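Listed after this line are the structures, all set down as structure tokens.
One chain, chain A, links the two complexes that follow: it is found with chain B in the first and with chain C in the second.
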Partner chain A sequence: MASLFGFGQSAEVVIKLDDHDTRPTAKIRNDDGTLETHYLFLDGETVSGTVDVNLKKAGVKLEHQGIRIEFIGQIEVYYDRGNQHDFISLTKDLARPGELIDQRNSFQFEFANPEKPFESYMGTNVKLRYLLKVTIVRRLTDIVKEMELIVHTLSSYREEMNQNIKMEVGIEDCLHIEFEYNKNKYHLRDVIVGKIYFLLVRIKIKYMELTIIKRETVGGGANSFNENETIARYEIMDGAPVRGESIPIRLFLGGYDLTPTMRDVSKKFSVKYLLNLVLIDEEDRRYFKQQATTPMALPEPASPELERSVDEDDRGRGGENGVGDGSSSNGPKAVEAQ
Partner chain B sequence: PHSAMSSVATQRLSTKRQTLDEAYAPPANFLEIEVVNPITHGVGKMRYTDYEIRMRTNLPVFKQKESSVRRRYSDFEWLRGELERDSKIVVPALPGKSLKRQLPFRSDDGIFEEEFIENRRKQLEQFINKVAGHPLAQNERSLHIFIQEPTIDKNYVPGKIRSN
Partner chain C sequence: MTTDNNLLGSGDQEAQLEEALKVVRREAFEMKRWLDRERLIDALKHAQTMLGELKTNTLSPKFYYRLYIDSTNELQHLESFLTDLAQRGNCPLELYENVQYAQSIVPRLYLMITIGVVHMKAGMVNKTEILHDLVEMCRGVQHPLRGLFLRNYLVSTTRNLLPDDAQIKKMEDGSVTDAIHFFLTNFGEMNKLWGPSKEKEKRERERMELRILVGTNMVRLSQLENLKVDTYLTRVLPGVLEQVVSCHDPISQEYLMECVIQVFPDEFHLASLREFLSACKELHEEVNMKNVLSCVMERVQTLAAAHKETQLFSLFAETAHSLISTRNMPTEDIISLHISLSTLAFKCYLEQVEYASTVYDSLLRILNEKGIAEQSSISPIGRELIKVLDNATQAYGHVGKIVQLKSFEPLMNLLDVRARCRVSASILECMIERELFIQNEEELNGLEVIMAPLIDDDSVKLTKDDIEGEDFQDEQNTLGKAIHLVRFDGDDPDGQFLLLSLVRKLVGRGGIHRIPFTLPSLLFALFKLATLYKEKKCDVENWDMKMRKVMILAMNCIKKLHEIGGKSDIPLRLYIEAALVTDTIPFEDSPSIVYEFLSKSLSIVEEELSDSRSRLSSLFTLTCAIEKTRSLSHDDVLKLANHIALISSNLFKKADQVRALCSCASLFWSTRYRDEDGEEKEMRDGEKVHSVLTRALKMGAQCMEPIVQVELLIDILTVMYSFYSDGCNQITEDSIVEVVGRVRDSKAQLEKSVESERMDGLLNRSLEVMEGNIVSRMRM
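Right after this comes the complex of A and B.
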């Protein structure tokens, strides 16, 4: 915050965490695609440290109407910019109104176990972030210093609750396949192991791929914005299969930029992941079947039962099928034609 | 976790073994349509060109495994119109109508130029292969009439074909 009149900033504010040398850091992708590194926190961890206010010029006093520090968790929806929604806002006063006379002033702060219910997220239409904000209130312009923090949420799931997905889908008398994935929930560095089994092939398939689609939904009801992004495209078959052939799937999630699944965060947005199986025929027609899956969180160091992960909840919801359910009698569904 | 990771690196789901029958039987997706032998009929103003549509397939949805019929450009237009109306597919485009070539007092043969006919033949072949290979088009009665009936009955009852 350089002051408007060219005197430069009269004070420099530094925020230092108590455990800055031991606290892990994490990277998050910024709006412009660059990676930023910040300190990493989990839900319930105390945030404490010192705020140093160093005056630029010795002997020049700094008058102020109070100094405070805030711990803020905010959601910013891009089409509604400037209208930030703070789901957490904690304030500590560091100094009463008065003057700073010494050149170096140091203030302790501590937010004991603040709630951090959501994971930090930088999306296409929305961003959720946490920050520490120091404000030196002054008559004309406040001096403000922010420090961003990253929060990861952990989740655990019992392996036996994590069933595999098996389904027979197809277009009547054209293409019948059976696919199987080993789980419905995957953590962020998991491996999707599966197979495709061909029961009937009467189209000329060229290749098959598995794509992971991230669907970000912002807002609700009529004015909700959906943003689909293809995170991964992974070819699993090249050439035309015949009946009885099995195609193995092994897709390592660690290589992709995933976040955990987020459901209806603070009634503002959701992030879902879909596994999309796409077959492409010689005329470039696409046949597909989508499956929602859930990535979960896994920070380091991770205890074995706490992971950040990806899951699958709307099993068999026919709404997102490209290839109709083989068992249903209403014939072919949504085969895209060129 | 490391030992677990290494086993996951080669993990597979168990698969049914393919039978030799399945492995060596001819594929069930055979469909070939050729557009050949353009012939120009008639004289003067009544001249028109038609083409032979020769099909070979093993798809059960088609009644005949082999067929040959003669069709002219306007028949293709009829088929395209029927599919546009009845099926939910995006029907590919036909080669242009070439109205320009039908203007009188030409120095060449207009729409009866060999080169023009050859170009049109190629494009019609592409068109009919695209359409006939489409799973949703294969259910349309109009396609079957176009490919396999000796003459097109334009007063047919539109509907779906059930293959059983």
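Right after this comes the complex of A and C.
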């Protein structure tokens, strides 16, 4: 109450990482579509630093019930706001209950090699985030300071494990195509290279495009809830091919807003990417290659060095990737969080 | 707006194009603005929007072309700007990737090409790889119109960048082989795009408009400096031919074969002829093989002629025949193929007639099998047939050589009469033009065979239309001219006489419609022969007899002309001409022959000329002619002169009588004759002159029209005075004075008019002449 009426002491809390000047940063899209920049961590990396508590009024001491710092990994489903799920929660006490007398106080902290199993994610209906949270416990109102961190998960990326996809699909007596993608797994800055062979064409094709769809699944079992979002729409053929024609595919992924594939994260949600081949005929009927769109493990595993390059490029490129049509720029249409 | 079927009318197209161009201009402007600030990404965004217009579905090739030109012009700006930048090292390599994020494929590829070109120019990248990538990625555009233009852009922007070195100098630059590969791939793809589609009719027109785009590939390919014959043989031609053969589309095949023929040099064709021709056999049934083969033959013949390549002809002949036998070619095309073959034969082996002979023989065989006959000159077959025959004419020129082609005449006989005449006439025209003479009997016989339709009345019946037709007259005139080509080898008058008598026989078969054109011509040829005889008098035996024969033949000709009727004035004049010619060459019988000619003409005047005007003029002519002769005897002259005087005084009009008498009076005075001793003398028969003039005066006096009377009297006066001054004693001064008096009297009665003034003038002039001599008595 004292502070409420102006007599109490108040304090400014600053969290400073030990390696703040060397640690890379990464950007993540916020609820409102803006980009936020935070420090980037990988799984198992130690998070250490100092917490400075600066008292605002000189000569007035600050009474507290203890000061602690927490390292939290949290999943928040938007339609179920109250129910945040912390899959990680580590706590370190910085000070026992007492009072702060000096105007400047500094506390060291270290979370040694904490597990960070999931990738930071900001989706349509769900977000997964990591944060450092300093709490100065007081009788009435705690002083809280949070610092968000971004975590990228790294995956082993072994070329020989990566097979190309080749499949023949079609509608009887109408359309018969064979398509081929060079891989079934792509990293975030990869290029999809492929070819489409037309074995039989009896429809008047107007054009053909490739779309990347992000499917975010929240919940599990019968209660699961899907949200599809078209990340990229890319025309790969204009006009009608003749039989025997092969059309090249080359799609750079780096320009699009992709995340790694996430499977059943903490039993709360999944994010998958689908590569969808669509042919549009002259009557504007769309022929999905539904068979073709078997879930493509899109940017699931990413090699360490490529992960790092994501970081650098994002810094340089921001949201405006080349001359893309901006189909990638509609960020998650999230329920507005307060 | 979504399908090709929605092509608009041309007015709408114009509007549509205008809209699109507006966008192009606006976006291009924005693009340049950003370029000036070196904001490449922004500039490229506008370039992309600009190129988005090229996605249109609604423009026909013509309009699309204009859009394409404007858009690519703007791209040119972008390209040169970036090239500048690249030279300063400021053009990032990532641009090539950046532009690939474009969602639409058409703008994406245009930009890729542009950036690719910039990078290649700056030497920043591996040329071969980029070229390969571009040519492959362009596959994404399968729409014919857009694809063709896109690939055309690819070919035209890369034209100076393609590797053109025989050897690889720098690994990443590649060699000419890579360029060839590039062109062949691009060409293959364009050919596919250009190929036929289901909506056939509509596309056919468009395709004709678009073919030049496909052809561009070939042109560029042929411009590679290091494309050598062996590379052409091993790589280029097989690739192209395979494309051509496999596309199974007649329009493409025909155009592309022609393209190949036209763009590559002759020596390449000569070297690859076997391959080319064997590919020809595999082309689509509907391809107009005639065009293709003719085209290639035309190309190689000059070179072949220089090389004297003997196999060449048989190679072509073989191909042509196998095509003819395996395909269902229209007859006119078959003929036309033979035209090309014959041209080749003539060009390369003009002296060896057997080559050309085979061509004509085989054509005859084919046409006989097909039962072709009586082709008119306007039917397609007839037209070609005439051409193939003309081809021989032009090559050989001389009929003597043409008849060596045994099939020439039979082929000619497949035409109808009119057309045959035309072929014959064109042979003659050709000979006339080149002054090729007919020098012996054999050649004349050849002429007889070929010219039968022009000459022979028995084999060719003429209709009335034929006779009155301009063509007939032209042809017969030509034939007439051609008679002068008969010129016996070596100036031998006897030989020439023999030839001309043969000609006479030939011409004689022409019937009444042809003779009027040909006989006069022959006649003059005979006159010329007569002159020749005169020159060679000393060299010829039996000279007098031969001269006589010539002139008899001439007379016979005129007689024939006379007999067939028609206008009489021509035989009349010919008789006179013959008389004058004979008169200049004195031989044994010449006086009697001259007399014969003259008397014949006189009898024509007397018996046939009914029109008084022509009668009078003929009399004048005849009088002049007789006055010119020198070889007649006194009696003959007198006979002729008397007769003329008689006819004159029997003329229908008084005025004509007076004039005729005045003119014939001089016959009795100045005509020269030869007396028994062979001396030349003048008639000087004053009595006769006097009596004729007296008669004229009498007739003049009877003339009722005063003005005419005055004129006649003045005429008589003038004539009288001329005799008087020439020493004719029978014309006295008194009589002249008397006439003058009569003139004055009559003139006095005239009313004053323009006419009477003219008379005054006439009289005064006459009097002026006479002054000096008879002045004193004149001015009474």
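We take it that the second predicted complex is superposed on the first by the 280 of 338 C-alpha atoms of A that agree within 3 Å, B and C clash if a C-alpha of one lies under 4 Å from a C-alpha of the other, contacts with A are read in each partner's own complex, and residues count from 1 in each chain.
One rule holds in what follows: a contact is a pair of C-beta atoms (placed from the backbone, for glycine too) under 8 Å apart; a residue touches a chain by one contact, two chains touch by 3 or more.
Worth saying up front: this structure is predicted, and the values here are computed from it rather than measured.
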| item | value |
| --- | --- |
| Chain B versus chain C as contact partner of A:R250, first or second or both or neither | both |
| Partner chain(s) touched by A:D80 [first = chain B, second = chain C, both, neither] | neither |
| Partner chain(s) touched by A:E45 [first = chain B, second = chain C, both, neither] | neither |
| Touched partner set for A:V193, first chain B, second chain C, both or neither | first |
| A:E168 touches, of chain B and chain C: first, second, both or neither? | neither |
| Chain B versus chain C as contact partner of A:V242, first or second or both or neither | both |
| Which superposed partner A:D142 touches (first chain B, second chain C, both, neither) | neither |
| First, second, both or neither for A:E180, with chain B first and chain C second | first |
| First, second, both or neither for A:Y234, with chain B first and chain C second | second |
| Chain C-contacting residues of chain A that also contact chain B | 204, 240, 242, 245-246, 248, 250, 282 |
| Complex contact set, residues of chain A against chain B | 171, 173-175, 180, 182, 191, 193-195, 197, 200-204, 240, 242-246, 248, 250, 281-283, 285, 304, 331-332, 335, 337-338 |
| Chain A partner contacts - residues on chain C that touch it in the complex | 2-3, 41, 44-45, 48, 55, 97-106, 108, 111, 136-137, 139-144, 146-147, 192, 195 |
| Contacting residues of chain B [partner chain A, same complex] | 1, 8-9, 11-13, 15-16, 18-19, 22-23, 25, 27-29, 31, 59-61, 89-90, 92, 129-130, 133-136, 138-139, 163 |
| Of chain A, residues touching chain C in the complex | 204, 206-207, 233-242, 245-248, 250, 252, 255, 282, 284, 320-325, 327 |
